[in-house]
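Shown below is the structure under consideration.
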Amino acid sequence: MNAKRTDKLATGLLYTLAGIVVLILVFLLGYIILRGLPQLNWRFLTTPSRAFTAGGGIGIQLFNSLYLLILTMMISMPIALGASIYLNEYAKPGKITNTVRTMIEILSSLPSVVVGLFGFLLFVVQFGLSFSILSGALALTVFNLPLLTRSIEDALKSISNDQRNGGLALGLSKWETVTKIILPAAVPSIVSGLILSAGRVFGEAAALIYTAGQSAPALNFADWNPFNIDSPLNPMRPAETLAVHIWKINSEGIMPDSSAVSAGSAAVLIIVVLIFNLLARWLGRLLFKRLTSGS
Amino acid sequence: MQTEDRYIIDFDENQEIALETKDLHIYYGDFEAISEADLKIPRFQITALIGASGSGKSTFLRSLNRMNDGIADVKGEIWYRDLNLNSKEIDVYAMRRQIGMVFQRPNPFPKSIKENITFALERHGMTDKQELEERVETSLKQAALWDEVKDKLNQSALALSGGQSQRLCIARAIALQPDILLLDEPASALDPISTAQLEETLVNLKEQYTIVIVTHNLPQAARISDYTAHFSKGHVIEFNDTKDTFTQPMVKLTNDYITGDFG
Amino acid sequence: MDKIRESLLKPSRTSKLERRGKLISLVSLSSICLVVIAIFIFIAFRGLATFTSDHVSLVDFVTGTVWNPDVEVNGQPLVGALPMITGSFLITILATALALPFAIGTALMMTDITPKMGTKILQPVLELLVGIPSVVYGFVGLTVVVPFIRDVFGGSGFGILAGTFVLFVMVLPTVTSMTVDALRSVPKNYRSASLALGATRWQTIYKVVLRAATPGILTAIVFGMARAFGEALAVQMVVGNAALMPSSLVAPASTLTSVLTTGIGNTVLGTVQNDALWSLALILLLMSLTFNLVIHFIAKRGELKQ
């Protein structure tokens, strides 16, 4: 009888623990969105921020975040693709491959602040790129590469070897087989992984404060020549992102409405991450369907 | 008359030889999967490779167009058009265009039916639209698939049935107009009706192609092949006219195998 | 010589493509490895300067309790990193310890109690918790946790405890999903055998499943600790940023990461003050490496046992 009672008690305890975890998430999301929602309007999303007075928006930061995300993905995607292809298709099991895998694992577990500091030393100081979008994108690439490589490798691994044999038997090279048959077949899961990593990159701040910088100079949204200093596309300008903005105004903000601005920014950040999450699932499934059914 | 340990047929001079292995040994690490295989593959005939699981027949087949590169260690010679294929000077990619292969499980690419056939052709430099279309049609006709798919060439090949997929894989292989077609248990994943269609297709193909087929299905070997090689524990122990192999085997082990007596 | 023979004897376009493709992918992979090596070289080079060119003794650095790089005593800057090291370890251990029961509980729900429902609800919950950016955690910590602690315990509210609460939620999904993996890898027949012997579900979980999954759960804990140890901004926002030995859990303190994030921008590259910060970064890097080694060690031992 005693064992039965313990069993019931324990089950109850497990339900409670899991329930608390769910409640934490519900509270977090509810709190952020309820506090942030009143701030959200077109003006808030589009106007530049103000350092000392109330009423600033997050327009430039939002743009910076998106631009940085795109640049980061453009740099990290080809590298991660190449690396994962080598790991999954060419690397022979052995000491060297194991060492390489361990190195990638180490990179993926490095604190992002360390990645940021490295980016500061290499890109900002050594390469003389100063605090700029480009420095930030390179640092985020370092931060993003190990996970992206792993997720693409998993996607490649999930494609049956029959497909590889099929390509080889037709006199195609491994490279052609992988890039033209295996990769397209793996696109649904690669896209899911890509979007999820995009969410991570979008919310990252620690790797950026000493690479992309903590200031958001005014931009001229009429000038799309990347070589002009106030063009939004200029990769050499410093660019505070949304995530950095939240950190910045909370740790040293002097604007009177910093709490409202951060609530709004946090809500935007969360909503974007949520959208990325849903998009990853939906797009992955959609692409998979398109791939397997008659078009 | 089952007194010999080993019997290999002598072809008469008129029979052209498409492929010949000499003293072929194949190793997986320390394990010798094939030893001393000497086999002549007659041109424009169907040669069946039979034998119990683990006898090395698939390993042997996969070595013929060097699909075992990087997997197994192949020693010995494979002669094709007076060239030893098992040597460094051979460009494997060009070679595999001449010696195609179809696998156990149908493996159409996740592309349209048409692209499955044009894909490799385009990669090999064929760009002319007209020519490509013709190849699609002839290869599908040769594989006896044309009538079933001619109205849905642009649909995904993954929607085809197992038997259709396998015939598409054959069409895909013969679209490259190879000399030799290697088939590794191509019907083992198919139902009886699809198997029958496939067999008919193969018999029709032998007018233009040399075919080597690995099969577990002895009646199939008896039905479609002209010559049969029996593999046992890594050795070719009997290679003879199919009719003779199945009616009066020269080697006792072959007799045991085809009568199902493994005792 | 016929055409086919010729084509077999000269390198085809395809083989050139193959060589080029292999090279491209090898270069990509090597570049990642190069970055990893560069990280260690760069940070070690900067971090060791404190000891080589500024002549601070390593022992003083690790055991000193006063962090005030601007002040020199007997020609030596006051760079005792123990307050930050203590702060980092304290927060890491407390947060992971707090997360562990919740992680195991949640994981058990997903594997043993209500696998279907559990996975349907809890899996997305975990994914969303991972997805929330760390600055958002910091913001919620700052606006909810810190005032709460201030109300209950008095003081400013900033400190180790606030950091613990924030990091608890941040490491929770990591520890949970890895625990789930560990529990799932326990063979099904262990469970059925135990149940068939008349054990209750809880006895089975407690005596069989959790024991069998221990190495995996240990790995999950170390992963959680690694994440907690390296987290910077969320902690920095709530810990109070006072480089003092923590006297209580609710007094302002600091961690390696928090001092780094606030300090690097306020010092000049190459000065003693700056070098000392890089030494903290080096400690951070080495700790991350240590966590990795521990995980490998646990995995190795697990393999040996099987």
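Observations on the model:
Chains here go by letter, A, B and C, matching the order in which they are written, and residues are numbered from 1 within each.
One rule holds for everything that comes next: a contact is a pair of C-beta atoms (placed from the backbone, for glycine too) under 8 Å apart; a residue touches a chain by one contact, two chains touch by 3 or more.
Listed by chain with UniProt protein names: A = Phosphate transport system permease protein PstA; B = Phosphate transport system ATP-binding protein; C = Phosphate transport system permease protein.
Predicted, not measured: the structure shown is a model, and the values here were computed from it.
Farthest from chain C in terms of Cα centroid separation is B.
A summary of chain positions shows that the Cα centroid lying nearest the centre of all protein Cα atoms is that of chain A.
Rounded to whole angstrom, the centroid-to-centroid distance between chain A and chain B, based on C-alpha atoms, equals 49 Å. Between chain A and chain C the centroid-to-centroid distance comes to 18 Å (mean Cα coordinates, whole Å). Mean C-alpha positions place chain B and chain C at a centre distance of 54 Å. Counting partner chains per residue, chain B shows two or more touched chains at residues 93-95, 97, 123-124. In chain C, the positions touching at least two other chains are 14-15, 18.
Counting partner chains per residue, chain A shows two or more touched chains at residues 171-173, 176.
Within the complex formed with chain B, the residues of chain A that make contact are 160, 162-163, 165-173, 176, 180-181, 184-185, 291-295.
Put simply, chain B touches chain A in their complex at residues 65, 67, 93-97, 100-103, 105, 107-112, 119-120, 123-124, 152, 154-156, 158-159, 169, 172-173, 176. Within the complex formed with chain A, the residues of chain C that make contact are 14-15, 17-18, 20-22, 24-29, 31-33, 35-39, 42-43, 46, 101-102, 104-106, 108-109, 113, 118, 121-122, 125, 127-129, 131-136, 138-140, 142-144, 169, 172, 176, 199-203, 205-206, 223, 226, 229-233, 236-237, 257, 260-262, 264-265, 269, 278, 281, 284-285, 288-289, 291-292, 296. Residues 2, 4-5, 7-15, 18 of chain C touch chain B in their complex. Looking at the complex, you find that chain A touches chain C at residues 3-4, 6-7, 10-11, 13-18, 20-22, 24-25, 28-29, 31-32, 35, 78-83, 85-87, 89-91, 100, 102-107, 109-115, 117-118, 120-122, 125, 142, 145-146, 149, 171-176, 178-179, 196, 199-200, 202-206, 209-210, 214, 243-244, 246-247, 250-251, 259, 262-263, 266, 269-270, 273-274, 276-277.
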